[in-house]
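Chain nomenclature is as follows: A, B and C, assigned in order of appearance, with residue numbering initiated at 1 for each chain independently.
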Amino acid sequence: MAEQPSGNSGAQGNPALEEAGSSQLVSHEDYLAAVEAVLMVAEEPVSPAELATAVSLPQHQVQALLDELRAEADGVTENWPGDAPAGAPRQRGYELREVAGGWRYYSRARYAEQVSAFVLGGQTSRLSPAALETLAVIAYRQPVARSAVSAIRGVNVDGVVRTLVQRGLLDTAGTDPVTGATLYVTTAEFLERLGLDSIEDLPKLSPHLPGVEDLEDDASAV
Amino acid sequence: MAEQPSGNSGAQGNPALEEAGSSQLVSHEDYLAAVEAVLMVAEEPVSPAELATAVSLPQHQVQALLDELRAEADGVTENWPGDAPAGAPRQRGYELREVAGGWRYYSRARYAEQVSAFVLGGQTSRLSPAALETLAVIAYRQPVARSAVSAIRGVNVDGVVRTLVQRGLLDTAGTDPVTGATLYVTTAEFLERLGLDSIEDLPKLSPHLPGVEDLEDDASAV
Amino acid sequence: MVEPALAETADPAADQGHVALDDQGQEIRSGFTVSLDGFDGPFDLLLGLIAKRRMDVTKVALAEVTEEFIAYVRTLEAQRALDESSNFVFVAATLLDMKLVQLLPGSQVESEDDIAALEARDLLFARLLQYKAFKQIADQMGAAAAENAGRFARRPGAHPDMANLLPELVWNTTAEDLKALAERALARRQAEPDEVGLAHLHAAAVNVRAEMAAMTEQLRAAGRCSFTELVAGAESRLVVVVRFLGLLELFRDRSVEFDQQVPLGELLVTWSGQAGTSQDALDRAAAEWDEGEGDAAGKSTSGQESRDG
């Protein structure tokens, strides 16, 4: 399979059958493998645009390849045109996840016990309630100064914020033009940590805020 | 380590049919996936002995699993007893390599062009100011954990440390006996670049700066 | 070694969840528990009070709690005791606020004070509810993080072939450069405390008396100036603020009159004082604002009572 150098083919979902930008890669499997190879050396989630540049394919085709790789790792059989479904593939020890605006390989949660001994670094330490509350406020109010977070949480947050910056879950983002206070934002690592693709995926804050009636209830109850 | 407890194995090459040390993993595919998971995320090559401990299997069975995973990644069909060969598997974008007594997944050489296009996309021929400062701190405080450098610089240094390791200017040197954090030291190449014979030849720091003890205290307190 | 779990931890205990409270020590969150129930922090305490609707805030004997607290603080080292004490004062003040509100006759809101107290109460509830919302979100985030904790990201590590891919490193750093970089990094850490530095506020001592005298001279000569004209030569924002304060002092002394046609419009200042010197005003202003070596920020409150009289 996989000749057709001419271009404009109709084989949707099989990027290799469309025009190949690189002279080297010819087959669909080649492209799958190339994307796989790039993901293998990435330090952080890789966006489809970056992958598209690296393997010289249009982004929508890379997207299709990513979906295929993800399904394959999960042991889900899908029928790709021109690709014989080779029985039920086994579920891999890794999964390909879409997080923080990109794609990255992760070990499968099922094997956390076997893997955890080999993973060093802060990843395994749990986030304290204080850290989570601070992250929550900053996630919704970013970019935001520490003083604003303190005002909402009612405690000094300097230490927690510094720790979170060191752990890569927060980053500084310039200063407030009026007060000169350092502003903080959440990082891609924060999104990864929660398994989110973007900050938009956080739950809405409004349902947690009571309506006026509730507020009056609460007020009269005191 | 991981000597075979029972000895009387029947089904050679199919570890799952032997006594399972872990209550969690049952099938052959489970064991394959667990080894795969560890190899996928461990930062350095993992020895068969370490793998054997992690998945609670005798080492020779882990060796068989490694051979199977390597063959699978290479797209080579082998007949494993009790395992139906599911057509010709595709050759992966990664390969399982044995390096310095350990095993790890690496991107396949065939896709070097795409991989280098990706890697070079973000690389420059100069070290960033952040990288240089990190290097300076590590040079004077080695062996030192990333967290301690973070504490000094006030920012997460994971990314720059990786760059410096990639550049051969830093190397890992075991782990902290207390925290288990990886320790970093400068390399011979680093000395060579500076034209120094040994670390002792680095210019002395001003005596007014906090001593090493203070630093360690502070870093652990953060 | 206060919180060893926080150093970059591959701490084995982390996996078992023993260090869930690891960041705690970084906050002023109190280890003190009021004997009413196990509370842990000012807002937590207040939320707890609200949640237990049957609990009457007015019944909380602040004196007893204070006794307990003092006993507790005696067991702490100095720095920690200071932190906890300021935290406790915050809690106690808020409690007092709530008591005050509760003791007011709720049905007959008439006086300005009543309304102000109610507004304060609403504000307090708004803050509490906002915090409650974030707390719930934080719980959800914690659950998401925990669910995700079993997955570990692939880290590429060093690739045996990759070193050749990197462009040749341009290196022109000397050992002396590195020494300078290391010293700067180490020194910076000492120089940057966690607290907001106030030193810069005191850097330029601006003298109210001198500014008032200068403006008096200018106004006497011109008869009438706009505020813009009065602060035209001000070298810093602090000088502008001080001159404004000076004008207020002169206004109190009936030496000037203000005229502003529209809100935020140009402020016109007219000299209306006698030809004689307003030495009294200068002395009084200097006593209120200039004492204590340009400590302008701290004086705004201490000057309050005397001016209201």
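Annotations
What we mean here is this: a residue touches a chain if its C-beta (ideal position, glycine included) is under 8 Å from a C-beta of that chain, and two chains touch if they have at least 3 such contacts.
Computed from a predicted structure; not experimentally measured.
Fewest steps needed to get from subunit B to subunit C, stepping only to touching chains, is 1. Among the remaining chains, the Cα-based centre furthest from that of subunit A is the centre of C. Central chain by Cα centroid: A, whose mean Cα position is closest to the mean of all protein Cα atoms. A separation of 45 Å divides the Cα centre of subunit B from that of subunit C. Look at where the CA atoms of subunit A average out and do the same for subunit B: the two points lie 22 Å apart. Spacing of subunit A relative to subunit C, judged by their CA centroids, is 35 angstrom.
Looking at subunit B, one finds that residues 40-41, 43, 106-107, 115, 119, 146-147, 150-151, 154, 175, 180-181, 222 touch two or more other chains.
Looking at subunit C, residues 6, 8-11, 25-26, 152-155, 159, 162 sit in touch with two or more other chains. Touching subunit B in their complex are the following residues of subunit C: 1-4, 6-12, 25-26, 152-155, 157-163, 165-171, 173-179, 181-190, 192. Interface of subunit A with subunit C (complex): residues 39-43, 94-95, 97, 104-110, 112, 115-116, 119-133, 135-137, 139-140, 147, 151-160, 162-163, 181, 192-196, 202-203, 205, 208-210, 215, 218-219, 221-222. The part of subunit C that touches subunit A in the complex is made up of residues 5-6, 8-11, 14-15, 17, 19-29, 41-43, 49-50, 53, 57, 87, 90, 98, 101-102, 121-122, 125-127, 129-142, 144-156, 159, 162, 194-196. For subunit B in complex with subunit A, the residues that touch the partner chain are 22, 24-25, 29, 32-38, 40-43, 46, 50, 53-55, 84, 86-94, 105-108, 110-111, 113-115, 117-119, 121, 146-147, 150-151, 154-156, 158-159, 162, 175, 180-182, 222.
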